[in-house]
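Order of writing sets the labels: A, B, C, D, E and F. Residues in every chain begin at 1.
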Amino acid sequence: MKVVVSVGGSVLAPDLEADRVSQYAAALEALDDEGHELGVVVGGGPTAREYIQTARELGANEIELDEIGIAVTRLNGRLLIAALDERAAPTPSETYEDGREALRRGDIPVLGGTVAAQTTDAVSAAFAEYVNADLLVYATSVPGVFSADPNVDSAAEKYEEMSADELVDLIADLEMNAGSNAPVDLLAAKVIQRAGMRAIVLDGNDPEAVARAIRTGEHDGTDVLPNGHETDPADWTDA
Amino acid sequence: MKVVVSVGGSVLAPDLEADRVSQYAAALEALDDEGHELGVVVGGGPTAREYIQTARELGANEIELDEIGIAVTRLNGRLLIAALDERAAPTPSETYEDGREALRRGDIPVLGGTVAAQTTDAVSAAFAEYVNADLLVYATSVPGVFSADPNVDSAAEKYEEMSADELVDLIADLEMNAGSNAPVDLLAAKVIQRAGMRAIVLDGNDPEAVARAIRTGEHDGTDVLPNGHETDPADWTDA
Amino acid sequence: MKVVVSVGGSVLAPDLEADRVSQYAAALEALDDEGHELGVVVGGGPTAREYIQTARELGANEIELDEIGIAVTRLNGRLLIAALDERAAPTPSETYEDGREALRRGDIPVLGGTVAAQTTDAVSAAFAEYVNADLLVYATSVPGVFSADPNVDSAAEKYEEMSADELVDLIADLEMNAGSNAPVDLLAAKVIQRAGMRAIVLDGNDPEAVARAIRTGEHDGTDVLPNGHETDPADWTDA
Amino acid sequence: MKVVVSVGGSVLAPDLEADRVSQYAAALEALDDEGHELGVVVGGGPTAREYIQTARELGANEIELDEIGIAVTRLNGRLLIAALDERAAPTPSETYEDGREALRRGDIPVLGGTVAAQTTDAVSAAFAEYVNADLLVYATSVPGVFSADPNVDSAAEKYEEMSADELVDLIADLEMNAGSNAPVDLLAAKVIQRAGMRAIVLDGNDPEAVARAIRTGEHDGTDVLPNGHETDPADWTDA
Amino acid sequence: MKVVVSVGGSVLAPDLEADRVSQYAAALEALDDEGHELGVVVGGGPTAREYIQTARELGANEIELDEIGIAVTRLNGRLLIAALDERAAPTPSETYEDGREALRRGDIPVLGGTVAAQTTDAVSAAFAEYVNADLLVYATSVPGVFSADPNVDSAAEKYEEMSADELVDLIADLEMNAGSNAPVDLLAAKVIQRAGMRAIVLDGNDPEAVARAIRTGEHDGTDVLPNGHETDPADWTDA
Amino acid sequence: MKVVVSVGGSVLAPDLEADRVSQYAAALEALDDEGHELGVVVGGGPTAREYIQTARELGANEIELDEIGIAVTRLNGRLLIAALDERAAPTPSETYEDGREALRRGDIPVLGGTVAAQTTDAVSAAFAEYVNADLLVYATSVPGVFSADPNVDSAAEKYEEMSADELVDLIADLEMNAGSNAPVDLLAAKVIQRAGMRAIVLDGNDPEAVARAIRTGEHDGTDVLPNGHETDPADWTDA
């Protein structure tokens, strides 16, 4: 199966320790051994936030801040590449084309951000669409898609399953309410929708659980199904 | 004044004739002579649509289609560059950095699309933000921002003035309703919002009117004002 | 067999319809399945002519016009790449080196123009020479090499077979007479001559016939043979 | 005046000594001080021939040999850049675009070859056309354009003046006769013809004479005039 | 005066706070206003060390670690660029050529590392040599060049002045003793020596003192003088 | 076994003749056939020295001279590539990353210099470290590592075997004495030391002997062993 895994920066390297990165590499290597074709997109996490905050104080505009964030995602990518050793493309892929070429020659491409004003959420979806992936997995710091921001609203429910249309509507709603954190951003949701691609949003703090979701389809997060696939509201459940 | 002008592809070269491109070049040259610093972003228009349709039939995915669209925007950019002669950077700027360097050395940068999954609407806003433009002008095929799609809903009203927040809300609503054409896309609206940048949306079929809007602030389109600026609903008017 | 196929723009996409491109892709895929190593160079066709005419009116010089033409050849290349799907290198090869690397890793490289003042005829010959191709095929809008321009001179005869020296002499003559269209340009003819490479010039409007020429050597066009190969004037025939 | 000077490799650095390069730099600096806008294209000369011969023995094909030649032209360009110091663009321009940008920011661009299957003669003409030069000067190892190869045919006459059409016809004739050396190649002649550009072909062994030709129009070589300019056959003279 | 300033990463952004970066920007802007031509090379500091340590645990080899370090130096460079605003080249210069071009067009280039196995100490010296700088300033975490590592050996003396030869000998000695920290590395010292360039090594924790050293030549660090310049051992003094 | 071979320019092409290059190609092809993974770094040799001398007279600084030297190393690399034909990456690898990608896809990468202020000695060591080579071979113009410069000091002894620490100490000593030629430079020695990599320094004038050293470990040069490996001073012997 061709899978793109989007690993949030704070999930991959919460405090720049090697452990979590090692675990991700081990999980990806096992999937690679089982014959899956893999691409990875990593986020910026705490280092990105730190640099961005300082640069903002120094007068950088938002696009310049995005460029700093992109540079940090690629630094994080280098950590994962070091851990994946010879299986990964030796440097972070800076464009979708580079990533696709790496995938075609049998390497695991590791991407970070690609361009200002586009999050790694969106990069993940676009890259998955570009390589015609069978599955897109968001390994994030929240354990799925919720009806509201679970950090704010204790009544927020986690979806077990939803359609891409439902995802887009939900994210659009969440983004309209300042302060609400959506698990993926609207552009990512729309790309998922237009591509008719299966996606999973789940807790990325357990790399082995991420691998299991890919291997067996079983996980505690949210399945996003292409529109037209039967979805049963009874499948929805509390978090 | 530093101004980024976003010229839709069907507005710049409706049928690939030289006339309209010449008029745009003349209008931009006059502004350049008056001391304005200018950047231009051009869209894809009919040639892009034609190539994209054919490529879609041939099995290209959406990202590949975006890349084709980007290539056409740069072709259109070459037409404008030819007409602007020595005033323009000699080739279309492929990144925000390239465009910014051109601007700094006194050339008029002409950009097209920059990356898949990002429209030239969004590129225009991001580039304007990147170079700290004073004004962003969308010269489009519709004469402003309407409360609904004027081609569909005869009761659609054109806004004379609105805040960036109002723009974001409106576009988000329009995008939720399939078939409704928004004058700029949601990402562009959000960039305008976060940058606190003045923007104008107006009919691009009269290049001289576009220049006049920049020169005098007078136009028949819609002014988008940074949040916090006083906006008077009484200023809203029918189309 | 290693073959470079030069497909004229008006032959590949006469009116930007998908059909012809699909047929070319099918023909190339069959050859690929049979074990041939393939490289393709595509021309500019009607879209190139349209953009070039407009840019010329706008004051572009010939080199700038060439650059516009090159951009369109690569757009056309993207159509063929879309149709060839995973068999083609994912983006048009912009240099001979890129094309050669694609070929070496088992992809079908699709090139357009490479540099100003060099036609895709010449690019095809140079690329064929660079990769040491066994055969170069020009799939053009005329059905072979004629003793004169068949559109002008009803007495023009099609050659069934000729030497590279004869081709160079003929093209040199044709190019001296303004208004005469040569099937390939002089630089291409000279590269064929110096490389000692077999070439075929034939009607490109039937992709299946192009494939058959490669597969069996049988076709209704003109064989250009390396100098020193026996050529029998009796083989020359009327069109 | 905007001038492109094409300096043959064996003229610029006959035996890799610094003297001739210094003289060229001095001549160009004087012209620069007088307000001329200058671009330079340098050839390969003896080092190129030596490497090419060895690479040919080692099995390189003609395109690979061209690439070696290009690399040497750029090495030679670095010598001239060293001598021109701060007036030149700091590295050889590898494309027409790079050269043009250097020219626009006030540097003297130094180009070598740009792409296989295109001589520095042709590069010079194409670059001159691209930047809309007023004059193109070929500083070569022969003192002008002759009716035949003066090394072979003692009856060869040097033209004092000729039209671009006459140049193209002459070169085409010379190229048809193996062993005849044309002072510029056919592609260069055709670009001169289509661009309607003034050109001078003269002995490059005296850099000061090259500068004088640019400064005063007086020289002992051959003037190539755009078609339509009055040319008087009586002006033709023996060498 | 043309000056290259090498700012250690832990000196520029000891804990990624904006203050120190702001102070450096202010000091550089004042020098820029006074007419000095400036280039800056920034180091990696604590973030580099953190990433490198993690990557080493993950199995990266030394060259890969160098690449990670380089990426961090450029991130740090982006902070300084943000603070310098329009005076700096908009992105970190990745090669000596890029930096030199920025300098020539009047921008302040900000470089980080350029290639593996070469420290930013060496980059600073090489860049200074490349642009023919009048002065190279190392703003480091130690207040000058000492006869031994002052953190280890309480008898270490700071040199007020020394020749390039003496610097090379001293650094060579220090590098032979594991654990001894040299203020600049041996390659840097050798480049200073061969270039015959003035250099200053001083405490970088007070940006204003760095500016004063450039402005007046007065400082509490060590002057490194080109060989042949009179140096008086009596000038040597305790730290 | 993964091996990086560093071939000095005067060893590869003493007088630009094809013979020696052919012999090297043959030796490398044999090793390739036997299953070794090979990377090659070539030096500049006499052509580099000639260009550098001329450029120095013309006023180039040391960094510019290094760039000229790098360009020549890549020219020499093209000779070897021509001779290796389809086994080599088609163009010289300009960065460590490029070289590594070539190696991973089964081609023999040929590198020259990569950046100013870094010799091909150092490039060889760094590239070997980057690709985790098992062995690094210096095929030089001296037949091993000597206790002093054998051209100057008749008492100089050749080491049969030494540790990396001993190599670093020796080279540091030699470099301190102007006029003494070290067989590899200090940076190279230090990289060998830190990488814990086996190295051989031997006479490169007999390519077959170089191949034999790789194949069997037997040679007349010097073995450099990682620290910690048992080394017996009794193994040291006269030249």
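Points to keep in mind about this one:
The working rule: a contact is a pair of C-beta atoms (placed from the backbone, for glycine too) under 8 Å apart; a residue touches a chain by one contact, two chains touch by 3 or more.
The chain lineup, named per UniProt: A, B, C, D, E, F = Uridylate kinase.
Computed from a prediction, not measured in an experiment: that's the story for all the values here.
Counting C-beta pairs in contact across A-E and across B-D gives the higher total for A-E. One finds 45 Å separating the Cα centroids of chain C and chain F. Averaged C-alpha coordinates put the centre of chain A at 31 Å from the centre of chain B. Note on chain placement: the centre of chain C and the centre of chain E lie 56 Å apart, centres being C-alpha means. Shared contact sites, meaning residues of chain F that touch two or more other chains, fall at 64, 91, 105. Chain contacts in this assembly follow no simple pattern; the graph is neither a line, a ring, a star nor complete. You'll find the chains touch as A-B, A-C, A-E, A-F, B-C, B-D, B-E, C-D, C-F, D-E, D-F, E-F.
Within the complex, the chain C residues that touch chain A are 86, 90-91, 105, 107.
Residues 97, 100-101, 104-105 of chain E are the ones touching chain D in the complex. On the side of chain F, the complex with chain E involves touching residues 61-64, 96, 114-118, 122, 125-126, 129-130, 132, 169, 172, 175-176, 186-187, 191, 194-195. Here chain B touches chain C in the complex through residues 13, 16-18, 21-22, 25, 47, 50-51, 54-55, 57-60, 64, 67-68, 71-72, 74-75, 78-79, 82-83, 85, 91, going by the rule given at the top.
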